[in-house]
Amino acid sequence: MMTGRWLFLTVLCWLLTGMSTSAWAATNHSALLAAFCATDGNKATALEQFVEAGVSDETQDQAWARLIVDAIRNSALVCNSSGLVTIQGTPPLDAATLKTAANSNPGDSPYVPSIVMMRKLMVASAEIDLFSGQRDTRADAARQVDKSFALLDPAIITKAIKRERDPDIASVLTLAMAKRGLGSNNRADRLAAIKAVAEVPSETARTALANFVAQDSVRSDPEVLAAVQSAIAKIDTSLSFGRAFSILFSGLSYAGVLLLTALGLSIVFGLMGVINLAHGEFIMIGAYSTYLVERFMQAHMPGLFDAYIFVAIPVAFVISAVCGMLLEFFVIRFLYRRPLETLLATWAVSIALIKLVQVLFGSQNVEFVTPGFLNGGMQVSPGFFVTYNRVFAIVLALLIFLATFAVVRLTKLGLLMRATTQLRDMARCLGVAAERVDRLAFGLGAGLAGLAGVVLTQIASVNPSMGTGFVVDSFMVVVLGGAGSLLGTVVSSLALGEINQFIEPFYGAVAAKVAVLLLIVLIIQKRPQGLFALKTRV
Amino acid sequence: MTTLPETAARRNWTLSAFLSKWMEIGIVPVLILVAAYLPFAYFAIPEASALHMSLFGINLIGQIMCFALLALALDLVWGYAGILSLGHGIFFGIGGYLMAIYLLNSAYAETNVLPDFIQYMGTGGFPTVWKIFSRLDVTVLITIVFTALVAGVFGFVTFRSRINGVYLSIITQALTYALMLLLFINDVGLGGNNGMTGFTNIAGLRIAGVSTQIGLAVCSCVVLVVAYVGVRYLAHSSLGRALIAVRDDEARMRFLGYRTHTLKLIAWCLSAVIAALAGMLYVPQVGIVNPTIVSPQLSVEIAVWVAIGGRGTLIGAIAGAILVNGLKFWLSSQLPEVWPFILAGVTLVIVVAFGNGVWGTLKAAGEEANR
Amino acid sequence: MKRRTFLSAVGSGLVTAAGTALPKPALAAGSTEPIKLGLLFSQSGTMANNESLLKDTALMTIDQVNAKGGVLGRQVQGVVVDPASDWPMYAQLSKQLIQRDKCAALFGCWTSVSRKSVLPVVEANDSLLFYPLHFEGEEQSKNVVYLNSPPSSSVLPAIDYLMGDQGGNAKRFYMIGSDYVWPRTINKMLKGYFKTKNIPDSALRERYVPFGQSNFQTIVREIKDFAAQPGGQAIVVMTVVGDSIPAMFKEAVNQGIRATDIPILGLDVVDSDLEGLDTKPLVGHLSCWCYFQNVDTPQNTQFKSDWKNYVTAHGLKHRPDMVIDPMVSTNLGINLWAQAVTKAKSTGTDAVRKALAGQSMVDPAGYTVKMDPSSQYLWRGDMIGSINAKQGFDILWKSKDIVKPVPYSPFIGKA
Amino acid sequence: MTASASNTAIYVSGLNVRFAGFAAITNLSMELRYGEIRAIIGPNGAGKTTLMDVITGKTRPASGEVFLDRVTNLATLDETSIARLGIGRKFQKPSVFEALLVRENLELAIRNGHGYADMLRSRLKTEYDQRIDEVLETIGLSSEGRRLAGTLSHGQKQWLEIGMLLVADPHVILLDEPVAGMTDHETARTVELIARLKSPARAVVVIEHDMDFVGEIADLVSVLHEGQLLGEGSMEKVRSDPRVIQVYLGR
């Protein structure tokens, strides 16, 4: 019985639309445009007309409607005072004929869609897409329509379902239609709708149901009420899981950043005992090297542009490593006996570097075009959305750490490094070329900082003074982890990252940071040598 | 300081020798002269003459004196006790903020307008605690006590657990950073990023008044002199020598039966109080206090002034602060682009080439001449 | 006169530097030496890229004034200093400009904090500061000329729009700002305003991040949460500034927020903030100013080409094709000052202040702005811009006429 | 003297010290008596210096007792308190305060950490001054009193350090390789100095490698090996002890 009625309705709609469209081909486009531009006219209804054209069987109508709707979306459609309607561009087109417009008067500015209009436009173009030849286009359109089911035009969707060959797309559309049942007064429709909406739990689904349950008619109907409430409960549980995961995740990504920025320092400070206040500036140098690479590739090999981030990795490493070695050669090596002096010297270097970069690049943020594959993110589970740039940061941090660990623990350089840096004189006696090892070690530290810079270009703002923010954190991580213990660095950055992100939602970013700093200071009071330090003689 | 009168007989007088011996006392009358000159230079000397000083210049000198005071404080702990604190901005800040609270109180008493940050915080009035700071003398007293207390607690815990050298520097820096972040939060109730401003009067005098401004500058000089004399006395007492000993070999001092952390604590608290006083003098002269005065940057810079002047020589610290800040004010208006490079360059040369700074080197040369 | 100053100063200690410093330019009127204007804009530090724009606009405008023969037959000369984005330095240098360089008036400051540190100086020396930014209002000094709108005349119309049908009937508001006076005051005002619209507190949320915050993971997640609560369409009123703006936008885009789901009204967003951002996913987010560079008026075309020529001619780092509201405000300020001086036939503060009242001119946005005689705020138009795919703003809505500036918003409960 | 020789100054029993795994001292028990000069010898890593570290509170033992006068358990006190009980120590490498004058070094030693307020009064009590003069006489640096300690020769520094022990007049004196790197002439002088330290109310302990030197000064010799007491007795006795010869003198 139910289905019977649906059938009847759909047939009716189809007939209507069918007639109108056939009537359509005859009437010319400019009338529509006029209707749209009419100051008193209702733009929404005008838009519906465009859509009708778009979904008609006349391909040139379709194409035209598609073009117009896009033009409106990109606020390129100009209603000239002369009555002429043009599409901005070079040359401007006459919207009706799509021929080059005679003259579009500059005084007239294009129509800028309001937010409400944008929503309508979004659905409209999706609806048009539902009739396109490409399966993928239709699939996307279907998803879009489903997302904003409240706004869709049932007649058109039914038509789409009828002619849809692909079962998946069809089912998506049917689901969307079902969701509209929330609006109906029929209990069965409502129950079906609730089921449909709750099928894929998400914030939007929750909103829909929550708004739905707010209606009196719903409250008065115990059965529906029960259904919707259990649905909401179900959604809430999965959402809260998602929320927990997201906190863990952001903790992880924060830890990744900490690890990256601290790694270089755990060598320079941890192993060599140099208080390098210019550490942050090496990070900055790394970031700016990335910037140069980006600019270069944009100019010379736009095809491979997205790969710039990977190209930047070796480049940034080398550049900052070289800077590091220069610093070591000209300043640090005279100060190994006087750690506190290295503090002052490196501070001086840092302000000079900052100013230098300011002079070269200006003090504003340099903006990066994010590689396509780092844009956006994905819904892992309801309420748990990971963004690709963070995943990238975490993964890279991990890889870089493993590499460093390998270098320090497994290679000869690593051995020499530990030897010289820990027992300077002894190593000298043993004829280790201490100077060279020191230089390499410092270079390695600086290079790692540079790598941190590369990653940060994707998740933090890049400007000459960006480094200063990271120095304190990095030192804290290293000190907490225990000087000279790479594992300690990892553990402490993990701990700090998670703690920080756990506090932040409740008390805000600053409070979290402060709390963590104080916590560290307290721990240091108890364990001056950090968490991972052996008890040794003297 | 280590050469004594009887050897002075067989000095061969070189400039460095003269300076290193006599300027340490000589600076006192010099500073007093400056203090006396300021009002004279403004009121009595006609504007045309080169000797005339604009209020602007005088105000500048006042501020520089505060920085010198700050450097003196740091030199006491770094140069003598060997504690390189990167957290003296904290004490400077405490002094500054408490002073600001007093100034706001008195401004409110006069104008009856609440500062905007109080208004938009919606508390509808000053926190009750602030009432204590309604009198200058009381404020000064409380500030001294409070600072000593804060420094004492931190120092006690830290020196007890034998955190020193690099670690202590890093921790103090972290704390400075933390405090700055805290002050940036408006909910803390100290004006957040804007900090506090809009002071109208201090101890009944209009704060923008010429004579008030000059008075503050003079006051800064005087406090500097007093602090210098006091610290120098301490440094030359055998307590000062004990501090030097702790600096050079703390363990050894323990084996001699010294409670080294107590020694350090004394120097630490005294230094903190001096820093706080500097803050109290600084704020009414710039007319605003905001979190940047506890930025890690400033705290490191203090160490740089001391290093440039030569640590462990008190006068060197003062000279360094005056030199650097004088240059800074002058250059950053003339050629702002170049200033950081100059500062960096000078610091590097001093640190790498002349470990013990301008004054230290001069002194060394002086003693060379006497040997 | 020196001597008198001396005695009175000693006597009362209540003589301001004005006694010695300020009369100079007033007396010097009619002489041929140039009239000095202090330009108090940072060229280094965090504010540099914004404020140096204004510095150069000011210099350009001064050139234009001089090209027209200067004022009172004297050339105008801009005295440039660099406060290096360090708030106390603003106070310091403003003193220097007034007392040492004897500037007739100051143009400068971007952030409220810098203005507030200069305020006591200009008041003590009875000079004039022309302030080109929109700000939190709640202030009115006879020594400051406010060239941009206070929130009640610029922000509220935008809010009204969003609460209307065209704006999508916003019912719930997530207010995220940088933690300082401007956002705090704006949001306090908004809360007061929402009360009058019977919007319950449950439909409001207020969050603050420190300056230069670049990690908005948590915030954006919370926004999505907030939007998912029942009670109607949610929007974000964003008062974060500087570095935080692109960071916030990026995170929002990455986490899949679109204007069609949750519109963001960025009160401090100007074209320069969109530089280098891929604005396609940002299309439809909003901002409101007294001027957007896409406005189509001959004056604007003129101003934009002037700027382009100036930038290229002097080989400046700025983008030649980008003009933002504060630049226009600066330009207006200097022109109005010039008009006032000409009318007053003097550069003395009092005279200029009197002459300034009621001065008016046509601004690039096409409105005839005029100086409010009582409040010394400038009457200006109001516009809502919608971010387009071309890293700029399309004008979504314009006020019919200039709007009365209301320094003290009725919606902020006075303490 | 024989009377006092019997009474124990330092009593060590069942002492164990470990560093990150390896055992520096295992189950060591020995007595140091007043009135005697005791030499402790043994190859490197035998635990000689570690023993001093334990007595002076620098190192905490894993287990075992270290008593002063059979009443105070030193294992529970920190360096400062132990020093104040009258246990003085001279380190292996001369550690005088080079930035201070010779006199000032002695002054610090004589004040022995008492009365910080009193230290602000620059003038020193006259009896202290006299004491310092005497000691300067004894260590033969009277003419060097106003020199920077840093400018002294290696030997002079060693003597100054011994002087710092003398002025403080402790009950127990621990000397770690006092003649290391000295010329024969200097060594001879040091021998005299150490001989002077000997008094009925004082126990003197010397760690040394130089056998002849030990022979000259020591009343009693204890041999440590791998953290254990190998033998004890007069130099002759020890010299003739086969195990000692095997592990130590043999090489």
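Every chain is named by a letter (A, B, C and D) in the order it is written, and numbering of its residues begins at 1.
Just so it is clear, contacts are C-beta pairs under 8 Å (C-beta built on N, C-alpha and C of every residue); 3 or more make two chains touch, one makes a residue touch a chain.
Note that this is a predicted model, so its numbers are computed, not measured.
*Asks:* So if I look at the partners of chain A and the partners of chain C, which chains show up in both lists?
*Replies:* Chains touching both chain A and chain C: B.
*Asks:* Identify the chain pair with more contacting C-beta pairs: B-C or B-D.
*Replies:* Comparing B-C with B-D, the pair joined by more C-beta contacts is B-C.
*Asks:* Please identify the chain with the largest separation between its CA centroid and the CA centroid of chain D.
*Replies:* Following the centroid criterion, the farthest chain would be C.
*Asks:* Just curious, how far off is chain D from chain A if you go by their C-alpha centres, in Å?
*Replies:* 69
*Asks:* I'd like to verify one number: the distance from the centre of chain B to the centre of chain C, where each centre is the average of its C-alpha atoms, in whole angstrom.
*Replies:* Using C-alpha averages as centres, the distance is 36 Å.
*Asks:* Just how far, in Å, is the C-alpha centre of chain D from the one of chain B?
*Replies:* About 44 Å separates the centre of chain B from that of chain D.
*Asks:* Centre to centre, by mean C-alpha position, how many angstrom separate chain C and chain D?
*Replies:* From the centre of chain C to the centre of chain D is 76 Å.
*Asks:* Would you give the residues of chain D that are in contact with at least 2 other chains, written as numbers and ranges?
*Replies:* none
*Asks:* Multi-chain contacts only, two chains or more: what residues does chain C have there?
*Replies:* Within chain C, residues 44, 179, 208, 210 contact more than one other chain.
*Asks:* Can you list every residue of chain A that touches 2 or more other chains, as numbers and ranges?
*Replies:* Touching at least two other chains: 508, 510.
*Asks:* Going by the contact rule set out above, which residues of chain B touch chain D in the complex?
*Replies:* Residues 2, 4, 7, 233-234, 236-239, 241-242, 244-245, 248-249, 251-260, 262-263, 266 of chain B touch chain D in their complex.
*Asks:* Report the residues of chain B in contact with chain C in the complex, numbered from low to high.
*Replies:* 43-44, 46-47, 54-56, 59, 114, 116-125, 181, 184-186, 192-195, 197-199, 205-206, 208-212, 215, 286-288, 290, 292, 329, 332-333, 336-337
*Asks:* For the complex, which residues does chain C have touching chain B?
*Replies:* It comes out as residues 2, 5-6, 9-10, 13-17, 19-21, 43-44, 81-82, 84, 86-89, 91-93, 95-96, 99-100, 112-113, 116-117, 119-121, 123-124, 136, 138-139, 179-181, 184-185, 188, 208, 210-211, 412-415.
*Asks:* Once bound in the complex, which stretches of chain C touch chain A?
*Replies:* 44-46, 48-49, 162, 165-168, 179, 207-210, 212-215, 217-218, 221-222, 224-225, 227-232, 243, 246-247, 250-251, 253-256, 259-261, 263, 275-278, 283-284, 294, 296, 317, 386, 388-389, 394-396
*Asks:* For chain D, which residues count as touching chain B in their complex?
*Replies:* It comes out as residues 56, 58, 78-80, 83-84, 88-89, 91, 95, 97-101, 104, 107-109, 111-114, 116, 119-122, 124, 146, 148, 164, 168.
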